[in-house]
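Some structures are shown below for you to check.
Consider the two complexes below, in which subunit A is the common component and subunit B and subunit C are the respective partners.
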Partner chain A sequence: MSATPELIKINIDGRDIAVPRGTNVIEASRLLGIDVPHYCYHPKLPVVGNCRMCLVEMGLPAVDPATKTPVIDPATGRQKINWMPRPQIGCGTNAIPGLHIRTTTQMVKDARAGVMEFLLINHPLDCPICDQAGECKLQEQATSYGRGYSRYIEDKNVKPKRTQLGPRVMLDDERCILCSRCVRFSKEVAKDDVLGFIDRGSYSTLTCYPGKELANNYSLNTVDICPVGALTSTDFRFKMRVWFLKQTNSIDTESSVGANTVVWSREGQIYRITPRRNDEVNDTWMSDSGRDLYKQVRAENRLSSPAPLADLIAQAKALLASGGVALVASARSTVAEQYLAKKIADHLKIPADSRHVPAHLAKGDGLLISADRTPNTRGALVTGLIDTLPSEKLTQLAAGIDAGKIKTVLVINEDLSLHGLAPEQLARVDIIHIGTHASATSAAAKVVIPSHTVFEKNGTFINQQFRLQQFNAAVPGHVGTHNDATILSGLLAALGGHDFEGKSNAIWSRLTEETPELAGLAHGNIPETGHLIDAARFSHHAFPETEGLHYKPAK
Partner chain B sequence: MSVIKVPRKPLTFAERTYIPQIVSGMMTTLKHIVAKPLTVNYPEERPEIPAGYRGVPTLVRDPNGREKCVSCQLCEFVCPPKAIRITPGEIPADSPAAHVEKAPKEFEINMLRCIYCGLCQEVCPEEAIWLQNVFSVSGYERGEFINNKQKLYELGGTLPDAHYKWDKKKAAAEEAALHGQH
Partner chain C sequence: MSAPAQTRIIFKHIDEPSYTNDLACYQRHGGYEILRRAVKRPPAELIDEVKKSGLRGRGGAGFPCGVKWGLVDRKSGKPIYLIVNADESEPGTFKDRYIIHQDPHQLLEGTLISCFANNVKQAYIYIRGEMPEGARILERAIAEARAANLVGPNILGTGYSCEIYVHRGAGAYICGEETGLIESLEGKRAHPRIKPPYFPAVLGLYQCPTIVNNVETLCHVKHIIERGGEAYAKIGTPNNTGTRIYCVSGHVQRPGYYEFECGKITLGQLLNDVCGGPLPGRTFKAVIPGGSSAKVLRYDETFTLKNKDGSTRSLAAADIPLDFDTLAACGTMGGSGGIIVMDDSVNMVEALANINAFYSHESCGQCTPCREGSLWMKRISSRMVHGMARAEDAALLKSVADQIPGRTICAMGEACSWPTQSFVQKFQDEFVSYHTTKKTRPADALQLV
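After this line comes the complex of A and B, so read on.
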């Protein structure tokens, strides 16, 4: 779409609206709050128009064919509308000047009831055992637009009920309404063309091509877009009904893309993660690997400690007093935590060459997983925690330890053994480890302060586009763990620095005062789609990310 | 608001003697001495439970021994005092009821919370939960009042099934397989 789309006037149910030329009737109606029911249409997929649910009445202003002058209806005194004798599909009808649409006439109602009846003819009565119940378009629209009872007395079709399409996706063909959203997604978005229909008529069946399986890292998006319960996630299958789950906005932490997500939890337990629509970042998609991250909350190797936080901070303070301190902060921490880490480093007068943030790099997949596998490297730059791009190996730190210059290392949410430090080097220094899970570093540490995962705290990340995005706590903190901001502000206060009392709004207001890029941003008031910050100060860095969805590296 | 004075009627002579009142009261007492008692000697005698009585909620099996509950959790959702707690589970592929796919792994009804409203029975799409005749629940510990799945099936027993929905579905699948359809 061009930057300034041409607006044209159309009329839906007697109400005029100006929409960009080419907007389809479903989207235009949505702008007016009019629901045009649909199954196969998806805003991020090509239009096929095979479900026929979005039928509407369409008309155009009458023009005299001979003179090309408008035909005036003498009854109303306005230009006559020529209504088409048959309904048209809304998804495939694009806005043209003067387009008139009716969505509430008897013809439209009959068409919808007819389509619903055909879709339900062979649909099984599985709702009590179907995972989609509660978020099923077929269920909702059968209630809103269907006839309410069945006239079908013949036997229903029998199709395969439990087909494993891939490692994470289960297919129930009886429930499938052949909308082909999953087929189009695999082909157009995931670029892994493995799904298709076989057989004809009411025997049509969704299946994988012979010898292939739906195994790509975006396969679970097909489950999200399936309007019925045909495709289900093997991980979430039969775990919990969706109406019990609380939804919390979150951010995928597996890479610097920062895909927007929704975390679904009940009574402190997370059941699944799904993508949240953000047209500037991830459209409506997310990776399968990002959906597994909730398992870290109740992982076996989760760190916890019964000791009060004040005692742990006192122990840490005693170790830090001996001097020769190095800081290893993390690009996985939130912006506020990175700011506090910087404040601690400033307060301890740690020289710039002893402040480290290790990088986690891997190949990007060109879609929603970038080369930088941390969510907040940009945050470390913006807060001033680091001024050069992080590297994977902490060679400088290793050299400092070998030379005996470094005696104490404050490690926040990182495992030094993954970044080129040998066990002997870890044993030679006093380590204070603030982290979520057990690692070689936490095993070697003198003081371990257990902290929260991304699902247990509020915060912000800055993604590869320099977009500041907010996430919220979905579940309360694991027993015996503490909020990272509380730990770091407590440590800062114990060392004699400013006491923020762990209050995030106090930290945020000081942070925005000191950071030009974040100036004036109110705490907790960042738009849901994120806030792009000025990246001019950092344009000289050679970021590792390659091209992906909605991201082009600066040349 | 103004105050309205209600005039009190003075008692008649007969009323002032109290004799008619005492006699009519004695008549009522004497009538009940000879009439059939309204009470029963509980717990030795048990009252007759009328049809449709809402006693302790139970889970039932169909005449073929299949547990009817498919753990759709609608009763858990509708339960006003949140007395029901279900952990859904998958039926193993080697079970004769594998075609039903889903059954409760655990099903708990907290009888300390239950208010015997019967909404669970009303909402159940599988006719699996029934409020039956038991009305007296007692125990020595709080834990004894939480009925688990095993206890619920013991209390519930077997109820006739009017539909055999899942058996019909299995028969249709087997029929289709015979004719080479999938």
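After this line comes the complex of A and C, so read on.
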């Protein structure tokens, strides 16, 4: 972390405000609730100042050049302000002591109206068939700052309407306002410099370099940051008007980064996932692969069962009664689910060497997908479900099965066949499988209790930074599935353990009482940006993650 | 009052029959003697001479050269680069190419002196793509100078080393804008940079402090060091020192390039006495005094100018002394020295359509007002000359042009809008009544660009 930045006083539209030195005028105005319209500026991209929409009037206190003393305006008794004759760009104007800005003067209004008009003359104005409608900066700012009529009678530019830039991104060049956000994102953030302009002037055309395509796993961020309808997602386009969609905060479960997301749904169906800004975790970005995860909700291999949950729990209880039980819990489960799994293991007196959480490891991409491909390994440690880092192969479990020591395996959200267990070994034990999708494990299981995906339940994950992050249910549970916490707390009660009656508040308050890192933390007190918990107790673990965005492994 | 005689300093040997552009000829005429003397002096002293000379940049903006050098960040520890701006692209301007073609060593000597004065070890000559011959000549001149130990390591045994490279542009007007030029030199599209923070003197080529000077400006440096800054400042008029090369094109009897002391000749003297006046049976109608982006003057116009004591004086266009300050006071600029003369045969709407076609073609497309505005103005003026003018077009043209200058990243915003602003303002009748007088495009009209 950098040192606390120096606060300096500036004045915007007559109001004083203290901001860190160097804050640009757009951001400083935002703090005062003043809108400085812009297109090319993006808080997480280099400033280029090309759209000219954020022009503001700028002035500095007058100082007598001879005496170096402030010049006082006799009319006001305050220091005189020398206003610059030309408007300046807000994005490229950084706060220095005494900076004065005006955003409401005629000069500023004229400048904005002029830029708006210029942006629209060659724009196709095909809003009725444009996917961006409803979240289009051009539309919004034309309404707020434009003239409201057109003086343009010439022919408009004709450019390519459907260019497939890559597998997931479609480009309409006529709508493009050449702000270069996508170009800068690809180059500076995704480090995949494939986009650029060809031709010149108003004929400039966005395109991929010859022989290249926009195919990196972050390509859809260009769609998010495109202020107009030029870049659209091939997955989402023409599916739904955005104003019909409900937004639910969620977390990307692909890896321990825990990118913050918004799930967009309507009538129980998810249409898209976009990133949610968190400057400490994912800035404003997320992976393309993470956006595809909603498809698991209605996947063909989704597990479901018409049987009442009580019956399924009773069957599971019967199997567990026979002894020789091993638990395979998951780092994909929420903190509360992991806590319940631990409670069940404790109640059944499953020895530590029969409690497993398999690891899912792959190479990190250095940005928003880490080496740990589960969202909640830290949760398993914090809740005490495990006390050593998980490994990929369940060799101990395999040995236990081979030795005849393990007779029953309770598997939560995992597929044993992916972790070194052979089909014969699965066949030798009674498996109770709590999970979302069909797998070799569910096929071999005696009891299958279908559960919820991350999009159908509430919960928390603890990411690689030990940041506790909350997510909410975007859509109701799939037919024939049950909430994981309900399943687990029901099973715990059926086994004779504590009965939480399936109440998440009761589970959470007991969990926080028993977990020092979470002590006193109410669900409602977890900020949207997450809550960093004390990681001291776990600092000795050699976590697999390597450096990524906002994450540096401890040395 | 008849015109003064030319004072040829920069163009001393241009078009001299026996003068060739090789090193031997240059040295026979005393070439590189000034460099030999300069490298024995402390660099700061040389900068001081340039400051004292009052030399103003000859590329268009007329920014004082000494001040520009003074802004260079010399504390960063980064190398300082010097770029020779030989991207002479402003329509109506043809001076640098003659220096390069006929006297390249003069440019090299001026460049080397400037490099030595500013502790520059690497200089680039960014030459316009359309001047392949000039690039070849410069390459040969640099090779000759290198062979004579005037360029390269340990110049003249002083321990000072300086390399000069020629870089050819690809034919874009915007590469004459210094930050666009720098981007292009770095191998990128010539999109000018925002200032702040990218002032070349601090964050220029490869984010290092960089000096960008025009060809003619650097040639002047040689003569400043030869004479001394104070002596040089006596040439021309106060604040408009030295000589200027005027490139006269268009409707005069003897178009061409002429070098005079800055401000010592008036527009009327230059056009009538030096260039032989209008073509037979014609009268002067309009003059663009500083390259096509400068605001046009009516030849019959009279200006009211303020004197220093607050009183006013009136000045006819023909009596304007061709310096930086008076032209600026008259609402236009000396610019690059390209003087475009139009007589009464010219249809001003067509002339503007032609200029607009050029600027819309050359807008880099980076920032909105210039990108969209230049093309819009072109389309309006082009439509007008094709028989589809409307009564409201004059006002629309002016209004579109007014939305551009002062709101763009670089000076191209001014360059593309000033012609329209001034043409419509000064020849308003022609524009306003165009829809009634020129309903169709005349059959013999020249093809528009």
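In this section, the second predicted complex is superposed on the first by the 552 of 555 C-alpha atoms of A that agree within 3 Å, B and C clash if a C-alpha of one lies under 4 Å from a C-alpha of the other, contacts with A are read in each partner's own complex, and residues count from 1 in each chain.
Heads up, the rule we're going with is that contacts are C-beta pairs under 8 Å (C-beta built on N, C-alpha and C of every residue); 3 or more make two chains touch, one makes a residue touch a chain.
Everything numeric in this text was worked out from a predicted model, so none of it was measured.
**Student:** Quick one: on subunit A, after the overlay, do subunit B and subunit C clash, or do they fit? Just give me the call.
**Tutor:** fit
**Student:** So, does A:127 touch the first partner subunit B, the second partner subunit C, both, or neither?
**Tutor:** Touch status of A:127: first partner only.
**Student:** Would you check which partner chain A:92 touches, where first means subunit B only, second means subunit C only, and both and neither mean what they say?
**Tutor:** second
**Student:** Which chain makes contact with more of the residues of subunit A, subunit B or else subunit C?
**Tutor:** Between subunit B and subunit C, the winner on subunit A residue contacts is C.
**Student:** Taking the C-alpha centre of subunit A as the vertex, compute the angle to the C-alpha centres of subunit B and subunit C, in steps of 10 degrees.
**Tutor:** The angle comes out at 90 degrees.
**Student:** Scan A:55 for contacts with subunit B and subunit C and give back first, second, both or neither.
**Tutor:** second
**Student:** Could you tell me if A:161 is touching subunit B, subunit C, both of them or neither one (first, second, both, neither)?
**Tutor:** A:161 sits against subunit B, while subunit C stays out of touch.
**Student:** After the superposition on A, what does A:363 contact: first (subunit B), second (subunit C), both or neither?
**Tutor:** Neither partner.
**Student:** Once the structures are superposed on A, label A:237 by its partner contacts, choosing first (subunit B), second (subunit C), both or neither.
**Tutor:** After superposition on chain A, A:237 lies in contact with subunit B alone.
**Student:** Closest Cα approach between subunit B and subunit C after superposing, in Å?
**Tutor:** 14
**Student:** Show me the subunit A residues, by the header's touch rule, that subunit B contacts in one structure and subunit C contacts in the other.
**Tutor:** The overlap between the subunit B and subunit C interfaces on subunit A comprises residues 155, 203.
**Student:** Contact residues on subunit A for subunit C in the complex?
**Tutor:** 47-53, 55, 85-87, 89, 92, 110-111, 114-115, 117-119, 121-122, 151-152, 154-155, 157, 177-178, 196-197, 199-204
**Student:** Which residues of subunit C touch subunit A in their complex?
**Tutor:** Going by the criterion above, the answer is residues 172, 189, 191, 194, 196-197, 360-369, 371-376, 379-380, 383, 396, 399, 403-404, 406-409.
**Student:** Within their complex, state which residues of subunit A touch subunit B.
**Tutor:** 124-125, 127-129, 133, 155-156, 158-162, 203, 205, 237-241, 243-244
**Student:** Which of the residues in subunit B come into contact with subunit A in the complex?
**Tutor:** For this pair, the touching residues of subunit B are 70-74, 76-77, 88-90, 99-102, 125-126, 165, 169, 172-173, 175-177, 181-182.
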